[in-house]
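Presented sequentially are two complexes of chain A, the first with chain B as partner and the second with chain C.
== the complex of A and B ==
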């Protein structure tokens, strides 16, 4: 599976038990596993090709563990990521605080990473509206403030899940060209040499 | 070679256990077992895979040293009162917040569990309890810590309390304190060994360095924050300690596989190497298929059991490829390895674990796995391996000793053991645990700290048992209650011959290094 060329690194972040693994499971394997909660250990990687227009883009999805124990490791998972899906549980306000933490972390360390804010377990809200602890508009406002896309999904029903990942791939496809050119100039050896001498002369 | 064989046979029949002068390379072709370490059935031909340790002693050596240093402490009278206080504490401790799924710690059911395990910090803060919630037990654990400190204040170490059919065993591993409360007939030493495992389990998640660092900075830190979501690993390990002969014997069992196939699997794994790769481990459920290691680097069986527990307890590696930091405490308590964990095929039982020193090396490891699988899937050995998965064990009837019901055989030099599946009479969980309990008893008699035994025969209503330990192997046999002692003794020779005949299939005789 990993033999595939990976175009875009996507990282799942969020408090434990918000449903990051379920989201990946739904998107990659089209299923929702019922059963006792099992926390992710470390992180899990899966590559998934997705059709965008006439191109096939392979997303390399890193499903990270939410436990604080692995926080020190998290940087290796989001470093160089083109997209981060920051998840929070719509029925758990503390998970939104944790989402804010991850957003801040990404803003500080990965400026090229596009953020997708994702409220999970929407099916529970649909069954009982009183369970909602995160107002849709509050989350929407926060998303706008940080320049993120905002989704509310249900891995159980599959609602909005494909749309979320499709948007990730689409955005990657639209931005890839600009990003690549920027990168190219960044590693242009001639230029680096020049700037090196330039800085030398001025020291 | 014939002469060698006879010599070995003679020494066996005479019951002399004096070592026979023989190099490991001059392995006898004769089926008669050598009694010398390194020539017993199942001994590896070149080198051992594991740290060569008198494994069981290894686990308890520290505790014994302490015992030697400390004068024996007999506080049973005094402590019985303390224990009573502790129990009263339980009954008063009614937590209104107890989660519905969790047990009420004031209930009779909670108290009557066979074995409790508690982990607390030196500040007396609860870290783990096997049953009930930690919150509900905070005052109980406070009492436990008070007992530890009280004895410590007089420059002593509290080791155990025996009262009312109940044993309370303490293990102080700064910055943690582990307490076991048992109603089983296990010895203190056995219970301590189990607590050690739990301690290593926690260290494998955090490293000792991190653990020390945390408590140096904040003595009353709530460690449950960092261990969140790992409780089931400890629960499972405790379950294994009750059921898995490997943890008792400090050994690992292998998937029975023709040696020709195993060698192909091993060499395919050997070929898929990488600079940072230290261990490649292929598992089939709880059984080792093969293990390839870096030259001069050995894996300790405790570390391997922790890896088994991690993989076996979690379904999270089923999808995609797992990448997780793991500390192998017997290798090094200070740092993390990084393990690439994945199943060879989605529904397969075959799980590959690649242990790397570099946390950035995921894609390299992923590539190693790919290369291994590409190479292996072209060979017929892969088909043989998949075929072998269908019968991961064997019936004791194959040995051809009518009264023999079950046995455990450990080759000391290779650290591997073999055992048939449980027969009809031990099909229920309770019966299996009872048999394991009997083996545990024999094991503690053989490994008694002051009066160890070489052999031990025990008759009971439901079975007769024989245990035998030499410098080369450990053997535990379970016979029907109709068997006799003479029959049991003759069965040993017959069984060892059978194991010698089957050793190619049951053991890993030629472990590889990169």
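== the complex of A and C ==
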């Protein structure tokens, strides 16, 4: 059995082929697999311990299917998540529209979930600036508007990837600490109580 | 029974603490509010009654059997004089069998009592009392089997708690009280039951957390055991309860999956190639695992089945694609597996896990991830329409109504109007195969015919051939008749007729010398 205890659930959201899996792969295994179409690397679930200060936080990173045909189901995925990394492709404006969709969903359904906006494939922009379709400041404004952190990463070079996940763990640690002192419970089951009783398929 | 009035759980009013018999001692929730002395009396009484009931039932059954036997053999009794002897014999045999069975049952009971007594004596009474109650259910064979499982789990649980010393006893007490409490709440809705169980988990986890000074690992360990114990005991009353429409949903899902039998691996964009033996092996294993889920009682065991199933799917994808799989591959594959497996009571199982699993496991861990995917797959199958398979609505309708099958889509461009020219353009793969076979058969028969013709002509040739040879031989014989001529040549030695003309042979001469 997978006995590893997981502290926080982190979901990866984003359109197909924006590089969700590559991002996880880069972060967890420090590698980038080369190929023409990178939508299939890494496993779908990873538990990764991170050192934050003097504590170790284990993030359970959930990869999700980005295809539009499963859009109706994405709500099931991010239920109870403490953090969501919403990915978009810097060279693909449609992916940013989809990112906006997920942000809205998250804000409606999962108020305790922190959102991290993540532009991917930064290395391609650096190689050729004309490829950029999402302006940095537009994204930054959007992130501020929704109260999210904003990162531009490259899974190929590893740029900003560790920073992103470290920030996720750090924020979780701070929040969890507040939560614990506020509620004075010894257990870390940091969700709303009614979230245990979610019905998976019928709402 | 007194359980009906029993309302006590973990929270007990001060006034309710006294023994209900009013003897002045303190009562205990585990003893149904009685003090130990009154409880023992009460328990002995109930048990005696139970045993008497059992005997009464056994005697009744025996009488019935005898009556039945008598009526069957009544006719024979007139002709044979045997039945008077044979009848008591059978009666005795059945009694013998029964008393053996009874003996076994009591053996089991006493064994249980002794094992548990070692550790915590009052528990044994509640446990065995439960069992006698269970014995009353209409299908004794099933309940006995179930209670054997339960017994095993209880034993394991006690063994596990022994290591924990004092807190273990505390935990055991709490669990038992909780189970008794739950059994009085059978009429509640599923959500309320779920809430009770979750509250119990939460409370217990809180206490354990302070006990173990925050070592979450040991807490988790204990919680797993507690979950196993509690849910094994409660399974029958809380799995697919009558108060919900889970069963209806199960049937709906089952029918839905059956109606979708035509969905192919290509439509779902699954990257698994079942032609590869290793892949199909994994697919079969995955299907077995997801079906096996229904047979488990503990939510965690059910989750383990899902996780195993998922692991098999991952390896199937990895073998096919030669690289590790991601969620984009996994979810379609899981949907495909669920469609192929049509797991029994899928919705009930999902609901059961959701309601009664330890929440921390369900929300964050790996098991939780795969379970969520299974929920997604179930939801997808329920809502599946033409768009989600990249089909036109008309096509989807036709497949759903069974008028057409997608498997021929590649080989045949046009779809036949249903009913017309069935023989010419097959509408499903079986018919196509049939037609193909027929064609092959007719080809074979024509070839056989020509073979027969050739054989016959060969036979005719063979018959004609010796005649021809004979005729030719005769012709030649006629043309060149055999003439026997006189011998013209004579041998030198045979004929000495010219000997005379030859000079006489040399004679030796002697010369004077």
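As a working rule, the second predicted complex is superposed on the first by the 170 of 203 C-alpha atoms of A that agree within 3 Å, B and C clash if a C-alpha of one lies under 4 Å from a C-alpha of the other, contacts with A are read in each partner's own complex, and residues count from 1 in each chain.
Criterion: a residue touches a chain if its C-beta (ideal position, glycine included) is under 8 Å from a C-beta of that chain, and two chains touch if they have at least 3 such contacts.
Being a predicted model, the structure only gives us computed values, none of them experimental.
Asker: If you stack the two complexes on chain A, which partner ends up touching A:21: first (chain B), second (chain C), both, or neither?
Answerer: After superposing on A, A:21 lies in contact with both chain B and chain C.
Asker: After superposition on the shared chain, which partner residues are touched by A:9: those of chain B (first), chain C (second), both, or neither?
Answerer: Once the two structures are laid over each other on A, A:9 reaches chain C alone.
Asker: Applying the touch criterion given at the start, work out whether A:112 contacts chain B, chain C, both or neither, answering first, second, both or neither.
Answerer: Touch status of A:112: no partner.
Asker: Could you look at A:55 and tell me whether it touches chain B, chain C, both or neither (first, second, both, neither)?
Answerer: Neither partner.
Asker: Figure out whether A:80 sits in contact with chain B (first) or chain C (second), or with both, or with neither.
Answerer: It touches chain C, and chain B stays clear.
Asker: Using the touch criterion from the header, give the chain among chain B and chain C with more contacted residues in chain A.
Answerer: C
Asker: Which partner does A:30 contact after superposing on A: first (chain B), second (chain C), both, neither?
Answerer: The answer is neither, since A:30 touches no partner chain.
Asker: Which parts of chain A are in contact with chain B and also with chain C?
Answerer: 1-2, 16, 21, 39-45, 63, 65-67, 69-70, 73, 76
Asker: Flag every residue of chain B that touches chain A in the complex, lowest number first.
Answerer: So the residues of chain B touching chain A come out as 205-206, 225-230, 310, 314-317, 319-325, 339, 359-360, 362-363, 366-367, 369-370.
Asker: Sort out for me which residues of chain A touch chain B in the complex.
Answerer: That would be residues 1-3, 16, 21, 24-25, 28-29, 38-46, 61, 63, 65-70, 73, 76 of chain A.
Asker: What residues on chain C touch chain A, complex-wise?
Answerer: Answer in residue numbers: 191, 194-195, 198, 202, 205-206, 209-210, 214, 216-217, 219-220, 271, 304, 307, 314, 321, 323-332, 347, 350-351, 354-355, 359-360, 362-370, 372-373, 375-376, 378-380, 382-383, 387-388.
Asker: Would you mind writing out the residues of chain A in touch with chain C in their complex?
Answerer: Where chain A meets chain C, its residues are 1-2, 4-9, 16, 20-21, 33, 39-45, 47, 60, 62-67, 69-70, 72-73, 76-77, 79-80, 185-189, 191, 195-201.
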